[in-house]
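There's a structure below that I have some questions on.
We call the chains A, B, C and D, going by the order they appear; numbering starts again at 1 in every chain.
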Amino acid sequence: MSVKSLSDTPPMGWNSYDYYDTAVTERDIRANAEYMAKHLKEFGWEYIVVDIQWYATDAGTRRDQYQYIPFGKIEMDEYSRLLPCPDRFPSSVGGHGFKPLADYIHELGLKFGIHIMRGIPRIAAHSCSNILNTDITADMISDPYSICSWNPDMYGVIPQAEGAQAYYNSVFQLYAQWGVDFIKCDDICRMDAPSAKDEIRMLHEAIINSGRQMVLSLSPGPARLEEAWHYETYANMWRITDDFWDDWHLLKQMFERCEHWQNHVSAGNYPDCDMLPVGMLGKGFGNERQTRFTKEEQITMLTLWCMFRSPLMIGGELTLMDEWTRNLLTNPDVLALLSDDCKATQLFRNAQTCIWHSYHRINGFNYLAVFNLSGNEREIAVPPCLLNQEDFKMICLKELWTGETFTCSTKNLNIRVPGHGASLYRF
Amino acid sequence: MSVKSLSDTPPMGWNSYDYYDTAVTERDIRANAEYMAKHLKEFGWEYIVVDIQWYATDAGTRRDQYQYIPFGKIEMDEYSRLLPCPDRFPSSVGGHGFKPLADYIHELGLKFGIHIMRGIPRIAAHSCSNILNTDITADMISDPYSICSWNPDMYGVIPQAEGAQAYYNSVFQLYAQWGVDFIKCDDICRMDAPSAKDEIRMLHEAIINSGRQMVLSLSPGPARLEEAWHYETYANMWRITDDFWDDWHLLKQMFERCEHWQNHVSAGNYPDCDMLPVGMLGKGFGNERQTRFTKEEQITMLTLWCMFRSPLMIGGELTLMDEWTRNLLTNPDVLALLSDDCKATQLFRNAQTCIWHSYHRINGFNYLAVFNLSGNEREIAVPPCLLNQEDFKMICLKELWTGETFTCSTKNLNIRVPGHGASLYRF
Amino acid sequence: MSVKSLSDTPPMGWNSYDYYDTAVTERDIRANAEYMAKHLKEFGWEYIVVDIQWYATDAGTRRDQYQYIPFGKIEMDEYSRLLPCPDRFPSSVGGHGFKPLADYIHELGLKFGIHIMRGIPRIAAHSCSNILNTDITADMISDPYSICSWNPDMYGVIPQAEGAQAYYNSVFQLYAQWGVDFIKCDDICRMDAPSAKDEIRMLHEAIINSGRQMVLSLSPGPARLEEAWHYETYANMWRITDDFWDDWHLLKQMFERCEHWQNHVSAGNYPDCDMLPVGMLGKGFGNERQTRFTKEEQITMLTLWCMFRSPLMIGGELTLMDEWTRNLLTNPDVLALLSDDCKATQLFRNAQTCIWHSYHRINGFNYLAVFNLSGNEREIAVPPCLLNQEDFKMICLKELWTGETFTCSTKNLNIRVPGHGASLYRF
Amino acid sequence: MSVKSLSDTPPMGWNSYDYYDTAVTERDIRANAEYMAKHLKEFGWEYIVVDIQWYATDAGTRRDQYQYIPFGKIEMDEYSRLLPCPDRFPSSVGGHGFKPLADYIHELGLKFGIHIMRGIPRIAAHSCSNILNTDITADMISDPYSICSWNPDMYGVIPQAEGAQAYYNSVFQLYAQWGVDFIKCDDICRMDAPSAKDEIRMLHEAIINSGRQMVLSLSPGPARLEEAWHYETYANMWRITDDFWDDWHLLKQMFERCEHWQNHVSAGNYPDCDMLPVGMLGKGFGNERQTRFTKEEQITMLTLWCMFRSPLMIGGELTLMDEWTRNLLTNPDVLALLSDDCKATQLFRNAQTCIWHSYHRINGFNYLAVFNLSGNEREIAVPPCLLNQEDFKMICLKELWTGETFTCSTKNLNIRVPGHGASLYRF
């Protein structure tokens, strides 16, 4: 059973972070799952992911001071494994963990994911808690020097320590029992800690050992380009930037990152541009708002993510989504780009313009995306030589966002693109 | 005419540097070309490359103090273009440049290459020399702050300056007249100078403008992984390390570099492991010797270079080559790996062992290379799951260096590999 | 009451680390104190310092694996303050802390010092222990991201947190009750942690607040030259290198550090060259040995430390000290250099030779130290102009290590100095 | 003859750069000298310094493109030594160099200084020009890799090369013949080039060898704190920041630099805060203007420079100076702080406030400077303990900028200071 065989397109789903921060509840998760099953599933959307600190009792209660409360109370079983906070996830009471919630999501025809932090709870190490099926205690596998720079909950494990793999195995055994389909592991992707590279491999082995297929997603970025082989061998998704939000500068920078990683996209291997901050965002951060991205910028984002074949994870609250946004996310012609039969490459990039091309090896479709990175509407000429073609004249193209079809009458393809906007052609 | 269409395998040839340093002569070049035509051409070897400072009158005369004499005398035409030193290249007398030598090499059925430095001669800038077909003088396009850190001959050009592209065009126009097939441009690949990235593009445009196909090879490395798109778009070869010599530590480090660049090898795009320091080396450096590599290390090197599909450039003096070395370089089963129909990937690497796999998409051959990176002979077990196979049992393999054929009798492929050595199987 | 007024020469004493590592006991401390009182006190030696982890129950018991056992058991009072381990410091039983031991050392006419780590015990934060005379608990002032890179015991405090200064005050109040005269605070001097600079000031304020004079010594180095003002304002001693041991390369490097810091030595302000690894060393490290320094190197070390006016802390076990070493440490003519009336400057330094000069502003003595940094005996000529003098001829000099007096007969002072050795003249 | 004996206060003068950039003429120099002799000399101002590119024929003629024209024409004698451009310095015609101008300035009772670049003209190296009194030519001592990052005129010399010291000697011999009193050497202080440290020593030796006392001033900063000994041993002034201009942020940053360097100010050794951008500035830069500093900021600047005992070099055009500015620069009570009998220290600094103290060891004056680094007028309380005093009550103070005298009636000294302003007290 190969983990890579799991996905034949990049994972598509919803993640609780952009709207709820640390404070999402079971009711919220169920509501978003129900929305997805009803409105989005048919277009390929399927993952529902509970993001950070589902185990933290006080998560979000001192948000003016802390995103993550230092030394806050957490739920943990007798084997040093974190459990959902029962106040926020009532179906977990009685030792059921996330199983009832996962079952419900599976009944909706969807898949269930959770966020974890690299390592083992600090409190487990300081209280010398047990590790399942071993004589080892948590202090013996915890590295007191391996901490996350932005979250205070965990110590990294010592990869060489006896019992360290056993701990990760015990954790993923529990997740398999719960029915988890997707793991987003944080504090690991950019390898801030010296042991992070080894811990990525240990997570992979723990998934194999669990007997259940789970997508392994690594955060936060930027991932290290020189570690591409390691990500490709042991994980399914890895973040290529730090947290992405509704800010044009971050979106513009993604073009450089996508250039860097374009040769590393293949079936089961998806460099990750991060969540799509669309619709209603930021409630848990004390900053509830409609996305700050213009419609043009959102089209640019979706075009790039789909061309590049990034995983697609919706960040906004689904139950508050307007129709324009839902249409943006459910354009079948655009989502077809995600197929593992498509291979995309950047053709050109400077400060004003970026051009990508993709080709579907089965049905022979060419896709051409033209991005206007400047703030003003401009006419952009695409010379045919850029695609190793003789001429655009007489070629019939369909613009996939408007649905318009036309035949080019000039050698160059000359198009007007609004500021920060994109056009996406199939021919 | 696309430069990329030129090569459908990585370039194979001989380069004067490892044996002659800066002091090669026309007689030396002809002798090596004749050897290649007679003994190597039939196996695919075809380029004869004159390396650094063919324009420097005193090159090599103060070798105890300098590799490159500061402010040494150089040959230059009235348009700021360097010419071969007539003492060393007598056929160039009378303004013929490298044309007679290139013609001779072409007559032998081979191709001719030269080394150049990024930029324009410093003396041209200080003497305000002319640029062909322009009113511009050299001082107007030379950047006095853009120097090479190890060679004193040139200033970089100012990419934005009027006349800068015209200068590069005039230089490549001359090379086209001479019949040059291959350009190794130095002080450019690792982009030490801020303008180097632009100058790579300018070289590409000058080749296109010349109307002659020339392979563009960039030195020295390490190339920047994050600039892969730029190299792939504008060049054919780019060095992935600094100068490579007959030293095990450098060879061992190449495995990491090949891991990094494996996804960037394709037709016309060849990350470059540098010359093969085999046979007799180092005369021009005052250190004439047989290669310090053991036979096992040379097999390891050839196996890696061919698996990875690096360009192959022989560094040793051809006319002094022994039979063992010639056989090493002319094994048709091994050289078949260079085909653009092969695609190779690293399967495993730690401090002791590295395993690569390649697959020929037309004839269906699998290739498996097993490298023993430790100093001692070891038995290495290759589990079939590493290749996504069930079992090695009953599979028939041919070891391509010994020519032995055998059928595996165990689930794992268990092989003995000498220290620093490699085995290469086809099945 | 100014802390600076405490010392009118650099502190002189003994420290337990170089011989005992983390495992010193009360009996060891008393034996060394008795030796000092009997043999060294009359020459100015007075501090007895208990170095790291006197609070750690298992300190030293797993020395093959750890210098500092992660998550090891520690002694702590109800107010998050560390206490001596009663097994190793039996007089501390019954809540007496270090008071009985300090009393004994004071009775011997000596002064008592202890080592502390920056911050508050991690276990206090995780168990939400109390802070004396406040409603604050340890978790409220502990920074979970502020750890030491080489010792796992503490978290740094959050300087801005209410209760943070109160905690340091409560700790120093306890030390004042015990009768502590000298604090060596570790993990603070080179400011690895962002809060370390503020914590230095907080320690100073806690000393002032305690009402007891205590020398404040900061470790480890290298101290930051650009923070000299901060050290000078808030501390008495600060380490100018990382740990110093009996290794010539470390000793040679100290000359550069002394050059850097020479303008920052004044009454109460002593850049610190670290302990003197003389005599018997290393038992606690599992490597008991006589110092690896040659006699010449030890003379070089003492000459430099005294010229520079570094604090002098003996690292070797006093009770095992031989006569040669005791004489080295009790030369009154040499120790006279430590006076705050002396001011020393480097006159010359290259790879082979270093020359320092000091001048006693009251008695008018000139001191000249000539160091041979090479491995071979050499004749070194000191030209008079180096000291802004006309001539050495007819000047009468005393060499302070040999006691020999002579009159110079030449313009230059020409002297033979053994390899790695030094000569020290007074005139 | 010691260079250090030259100055018993920091040098005070005028420099052509801030107003004229590269384009100053002899007439300008004479006019400013005449103004200084008439209005400023009696207060201690005495140096007239011709700044950069007095040897460059076309200096300033392409100011829209270049501050320093690449490969521009320069004046040079047969021994590779730069000469004043005769168009701009007509008295230099006939081989007189700067002698007539220096003579005139000496007649006015002033001293004459010039700016030089580290090294030897590039054109001298490329044309193999002679070196005075040697068989060496310029190419033999020039380092083709040692260039300045912002000026294209020179190559650094190779310190080990035979003839390199001879070249510097020949240059300073010429300057001595001219009657130069002050050398500002550029591209050397922050040691960008590996040879710069040695070249500082070579300049010192060339001055000694010339037989004429000259102040040696090093640019640009920031000087390296760890090289303080080298600056102190071989130079008189060294810049502690990059170029300083009329910008509050630069002025605020100077407080940190002065903290760093305060222990390195002594007779003949003056860390240098750079020119005073007061009065009319920027004509040569195409940006003629009155200083952008407010009056309060100018008082802050003069107070800090004088307290710290920086050299004082006026940057503004003297002949256009208004009365307020002249009074600022000629306050005898303030300038008294420059005496080598004064020693200043920073007492306190945070983001809003900085306090310095100085003490005159002969006449017993205390000086207290209180700086308001915030933008708003604030009341600042100076506690007496900061000066190791019991009480300010009954102490009589004179504020030196206003001339007001008053007796303090409170324990703290409570003063109102305008935003970006300073008060300076003597008591």
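Please note the rule applied: a contact is a pair of C-beta atoms (placed from the backbone, for glycine too) under 8 Å apart; a residue touches a chain by one contact, two chains touch by 3 or more.
These numbers come from a predicted model, not from an experiment.
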{"item": "Remotest chain, chain B as reference, centres from CA atoms", "value": "C"}
{"item": "Separation of chain A from chain B, taking each centre as the mean of its C-alpha atoms, in whole Å", "value": "40"}
{"item": "For chain A paired with chain C, centre-to-centre distance based on mean C-alpha positions, whole Å", "value": "53"}
{"item": "Centroid spacing, where centroids are CA-atom means, of chain A and chain D in whole angstrom", "value": "57"}
{"item": "Chain C, residues touching no fewer than two other chains", "value": "none"}
{"item": "Interchain pairs in contact, sorted by label", "value": "A-B, A-C, B-D, C-D"}
{"item": "Residue numbers on chain B that touch chain A, as the complex places them", "value": "2, 225-226, 228-229, 259-260, 262-264, 346, 388"}
{"item": "Residue numbers on chain C that touch chain A, as the complex places them", "value": "70-71, 122-123, 125-128, 139, 142-145, 147, 149-150, 152"}
